[in-house]
Amino acid sequence: MEKLIITVAVTGAEVTKQQQPNLPVTPDEIAQEVYRCWQAGASIAHIHARMPDGTPTQSKEVYAEIKKKIQEKCDIIIQFSTGGAVWHKPEERIQCLDALPEMATLSAGSCNFGDDVFMNSPSFMELLAKRMKELGIRPEIEVFEPGMIENALRLVKKGLLELPLHFDFVLGVPGAMTGNIEDLVFLVHKLPAGCTWSVAGIGRYELPLAVHSILMGGHVRVGFEDNIYYRKGELATSNAQLVERVVRIAKEVGREIATPQEARKILGITK
Amino acid sequence: MEKLIITVAVTGAEVTKQQQPNLPVTPDEIAQEVYRCWQAGASIAHIHARMPDGTPTQSKEVYAEIKKKIQEKCDIIIQFSTGGAVWHKPEERIQCLDALPEMATLSAGSCNFGDDVFMNSPSFMELLAKRMKELGIRPEIEVFEPGMIENALRLVKKGLLELPLHFDFVLGVPGAMTGNIEDLVFLVHKLPAGCTWSVAGIGRYELPLAVHSILMGGHVRVGFEDNIYYRKGELATSNAQLVERVVRIAKEVGREIATPQEARKILGITK
Amino acid sequence: MEKLIITVAVTGAEVTKQQQPNLPVTPDEIAQEVYRCWQAGASIAHIHARMPDGTPTQSKEVYAEIKKKIQEKCDIIIQFSTGGAVWHKPEERIQCLDALPEMATLSAGSCNFGDDVFMNSPSFMELLAKRMKELGIRPEIEVFEPGMIENALRLVKKGLLELPLHFDFVLGVPGAMTGNIEDLVFLVHKLPAGCTWSVAGIGRYELPLAVHSILMGGHVRVGFEDNIYYRKGELATSNAQLVERVVRIAKEVGREIATPQEARKILGITK
Amino acid sequence: MEKLIITVAVTGAEVTKQQQPNLPVTPDEIAQEVYRCWQAGASIAHIHARMPDGTPTQSKEVYAEIKKKIQEKCDIIIQFSTGGAVWHKPEERIQCLDALPEMATLSAGSCNFGDDVFMNSPSFMELLAKRMKELGIRPEIEVFEPGMIENALRLVKKGLLELPLHFDFVLGVPGAMTGNIEDLVFLVHKLPAGCTWSVAGIGRYELPLAVHSILMGGHVRVGFEDNIYYRKGELATSNAQLVERVVRIAKEVGREIATPQEARKILGITK
């Protein structure tokens, strides 16, 4: 089985310091947290930028600053979120690409998301795909419902994306698909041969989906964006604590951990 | 096995007379077409209103006129669409409820739909559910992705909808879930015990999904809203032609057809 | 979609004239019945031989006589059963191969079967596979449980069978797997790419599984071996009556029927 | 989620000391090994008896001696195998029940098993069920293929078994069903509500299936009967080592371990 790629989503667009006091928010905090997660075994850092007051921003300057500070510390793969916050406009969301991350997310359709609608129209998806292609950024296809796999494959047919793709199943969002094992099995069966996949379980789904994925040959995303608890009723002390548990379980079941360089190879990132 | 409820979606919001010359558009045409489908075996008429020039409208006056004209001809269950066209605003879409159909659709989430986003925010869903409850209208829950089943069950927990619900799986929309047999099996497994379900396959998915559903104990929707062809490359001559084929196949496999009164009983509509 | 191959299993080893007065038993009766089914659209005849008193036999002479009489009437593909009756010994069961049918069944494992155990040990499976290979007989892999697919693939690894294989899912036998749609979907997903498959539903499972298979791109087996009724409580008047219904439904859903020559091509039989 | 019941199958009928030097064979060795596993967290001991030379036996005297020696050490639930070795006759296999274990296995159908056929005819299954009922022994239904669930439910209909039943899915036996996650999900969906289940993965399937089951709310069987390795190429030092790993992983994912008394309650064993 391929080595395990662990993505850490350290900040997200919605969590606050009030909810999780250890949330990294400034570029310095984010870089420091990512560095600790890299030490723990993470090979991709999924990044959302924030303003000093914690407000989510898609400003390319802030993204560039975060990137620079992370790169000073370690060789982790830097992945920017083009999802932003649900109230960000498309033209804001796409900006972060100008800061030239190695990877960026491409959410492959629309769905409800908490009290809101997370909008990813076909034309916005095309715009994102084209821009990533121009800039040589490796997309990660975010999938919240099965139809989104089809949406991505439609972009492949149009020549805007190329197989094999790397998918991330984001499961358990209130408003979209649940994150039970039958959901994951169903989605994985839909992927074209040769594609790689990861799973990001939201809240109480994070840990079980991560462990199922380790066993199934998938990859794993954890972090405060998706889940702020270490166990029921107990806040995690850091993103690294969540990464460390994944590493321990992977070792128990005999799955090796990919370094960032090994992850680049698995994902077809040439650098 | 329960008798088969056939819904006919005679018009929809998108098809034009240019695409399908036999499309019923005016209240008179719609009532006449519904009547022929009722004669063929349909027990629910799923209705979209149009302006005289064919533009979709959610005007309660037009819906009321259609209802009146149908009721003069037959006892088919009248179901209005609250989906409207993708560019209709929520306040327009909900209007048709004031014309007091027996049933109305409630789309249980958002997804891409062709080049657009079909928006059904949580707050709009709640509004629809409340209004239908006040007016004694039986909802049909439209499901385009598995997460939408969860969204409906969330409204049940809030007391805005009541089990058992009646679901309609709309499969094969470009932008949402495909309509292969494994998709249908997966969705049906997710329903709470006692719920009823129907399937509306879009385009080439219409006929195979209808037949699978007949065999599985589900119900069936056909009609020009979903598919304008009788077979590949051959336009259907009428909505009734599509209903007639479903009836013939149901007879071949030994599934009896429900009358509107029998359908009311199956769906828990008290009238 | 590939044209539909209809197999008719006219006699079987267990049904009696007492249960189904129109059961063909003698070589003449069997040839006549097969001929009528070929006229109706069947392209494979699945044959079990009987003694004049109706007792099942694996005698190569009787099989040879049946083959000769069928070939005098039509070009249907002749497939002999190596399953025989559950009380037949392996050395009896294999005999029919000496009568050189174009195809023969190879049951890929053991399971309970009514009150008995249907024994197909690994060594007997190997013996059958080797003998068919020597004689140039195309095997049809009979699968009653998912593990039997693996058993067949184990013979492929040993070089005793070759991909692509043709499978027949025999579902609904008391003692083995049921024949619901989720069972069929599950099994079909397990097949290697390029394999073809058919389904033989036992008793009340025959018709629904046949129709699901028509829609899914699989092939169909019907006949008195599997089911003696036309509908609940009404005996079929002939095997041909069961074939005719499959043909009518296939036409309704737009699936064309394969001639024996077309079936040979689909199955990779060179003749 | 219910606490986790860990069954340890310390000996089996096939493994030899040549293959696994730490295999417990004599009553003393078995009792000592079971005791160590109980200390590690096992709450059921699945027992096969052996002659002093290692030959499997179903002798009630040997089973009685093993039972006595285990009970002197700890309160673990003692479960005897009625499967025995594949060459044991039914009348030998059933004997162990006379030694009055709290639980015993009931294999619910026939399948190939390595080079042999594992025979469990309908009449033998009925005999086992009746005898366990008379003696107040709680059955564990061993399932190697989906059809075996149906076979057990057929005994329920006959009044020979009672719901809720406890099932054990034995997956990965060469000759029967594989042990991939989709296999497990498929089987679990088939169980009647209220039933409990465990999984015994054979060989390389043991650990991944155990971990999936921990996450899914199932129970777990490990031990030398099913797998003699700790990891690829490295023999386990004891059955307890395999139990300990399951316990560590369960703790990592927040599933508590059942004591034998808690396991009795979960399984409906009154003692």
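Note that the chains take the letters A, B, C and D in the order they are written out, and that residue 1 is the start of every chain.
Keep in mind that, in the parts below, a contact is a pair of C-beta atoms (placed from the backbone, for glycine too) under 8 Å apart; a residue touches a chain by one contact, two chains touch by 3 or more.
None of these values were measured; they are calculated from a predicted model.
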Can you list every chain in contact with both subunit B and subunit C? none
How many Å are there between the centre of subunit A and the centre of subunit B, using C-alpha atoms for each centre? 37
Separation of mean Cα positions, subunit D and subunit B [Å, integer]: 50
Among all residues of subunit A, which ones touch two or more of the remaining chains? 182, 189
Given which chains touch which, is the overall layout a line, a ring, a star, complete, or other? ring
Name the touching chain pairs, please: which are they? A-B, A-D, B-C, C-D
Subunit D touches which residues of subunit C in the complex? 109-112, 114-123, 144-147, 150-151, 154, 173-178, 182-183, 186, 189
If you look only at subunit D, which of its residues touch subunit A in the complex? 181-182, 185, 189, 207-208, 211-212, 215-216, 231-232, 245, 248-249, 252-254
